[in-house]
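As written, the chain order gives the labels A, B, C and D, with residue 1 at the start of each chain.
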Amino acid sequence: MNILLFGIAKDIVGQSQLYFSEGEDAPSTVLELKKKISEKYPEFRKLTSLAIAVNSEYAEDHVSLNGFDEIAVIPPVSGG
Amino acid sequence: MNILLFGIAKDIVGQSQLYFSEGEDAPSTVLELKKKISEKYPEFRKLTSLAIAVNSEYAEDHVSLNGFDEIAVIPPVSGG
Amino acid sequence: MQNKIIEIVDSINTSQVFSELSDAQSGGICVFIGTVREFTQGEAVVSLEFETYKKMALKEMDKIAVEATEKWNLNKVIIRHAVGLKVIEDPVVVVGASSAHRDACFEACRYLIDSLKETVPIWKKERFENKQVWVSAHP
Amino acid sequence: MQNKIIEIVDSINTSQVFSELSDAQSGGICVFIGTVREFTQGEAVVSLEFETYKKMALKEMDKIAVEATEKWNLNKVIIRHAVGLKVIEDPVVVVGASSAHRDACFEACRYLIDSLKETVPIWKKERFENKQVWVSAHP
């Protein structure tokens, strides 16, 4: 399972994608993904907000994830 | 005393200026001017509003007029 | 405030407006352009003709610009009106402002056009197929 | 609504915006342009760098444009954002709308920029002399 990283998320992780091997390691919901990355990279806890996009749409915590989805970490946006 | 006419005021009078000879004929205040032109050209009474400018500033009814002033009839504006 | 542009012109070039309002201290520019539209209350407009009492109109436009800069923290302000014969889609008026934050330029821009329509001695005659009307002249 | 322009570009050409929004049924066009300003909270900005999740950003921009046309009676809508390195006075975003009367285009224009700043996945890094900061990342 590949997770796309943008903006400060990319800086925190130090690379533009994050990889979870299928099976035990991979998060099964948006909420689980948020928890996993916040545990591994505590800097995420300091952000104003943290959203996850599944197939390029904002996804709520209960949404399930699978390896075919395009998943992205969306740190606080600041366009304009 | 020359009075500049614009927009529909010009159409009502049929020319771009109105002339009052000094003395008895000439209005001495803005209010008198409004009365005089509305009597002579009753079409002015049908307008939404009627303002007078003295030296290119809106002038209230009590303002006095003299032959050296630049006086203009300002029918309802519709710029923009 | 020296950074204001107040003009009555024969024709408006919309491509230059943003560079005229651009400013290193501004994060936002808001511009309103009034254009000639094809229908007024269901009737097809052929053209508009704008007339002005230029000396007074420039004074009134200047007052509005000064009032706006007193009400809001603006870096640049523009009020430019066209006169003469205009056809469908022609720009007839441009108002705009630049400011550090967007609230000020949005509110000022709205104020500029609303005030212009109330006080500036400019008159518009609408020409239709079979008649012509001085706009707002009659109730 | 087919009359909408939704784009993410490398650089914005402000001179074409009004002709893109012009329309025979419109009497008003309102445009907001966001530009890079020199100071943020008293500190001199050297440059801004914009990054986006393009596929999702275009979807979100499209949603905002559709919402605006549902809320107001608009003829044309534009939302165009630039990405990459930007310096002082560079335009970074253009939003705008045209409508028969000015109320609709003013309100829609404000809605477009406010919504864009809330939901569109675009990120801005401010570079100062001695540091760089992802805007809004931290409380």
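The criterion applied here is as follows: a residue touches a chain if its C-beta (ideal position, glycine included) is under 8 Å from a C-beta of that chain, and two chains touch if they have at least 3 such contacts.
Since the model is a prediction, treat every value here as computed from it, not as a measurement.
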| item | value |
| --- | --- |
| Per Cα centroids, the chain farthest from subunit D | B |
| Between subunit B and subunit C, centroid-to-centroid distance (C-alpha), Å | 26 |
| Geometric centre distance via CA averages, subunit C-subunit A, whole Å | 48 |
| Touching two or more other chains - residues of subunit B | none |
| Touching two or more other chains - residue numbers and ranges from subunit D | 34, 113 |
| Chain-to-chain touches, reported pairwise for every pair that qualifies | A-D, B-C, C-D |
| Complex contact set, residues of subunit D against subunit A | 34, 50-53, 55-57, 59, 81, 92-93, 113, 116-125, 134-139 |
| Residue ranges of subunit A touching subunit D (in the complex, touch as defined) | 4, 6-8, 11, 46-48, 53, 56-58, 72, 74-80 |
| Residue ranges of subunit C in contact with subunit D within the complex | 14-19, 22-39, 88-89, 91, 98, 100, 102, 105-106, 109-110, 113 |
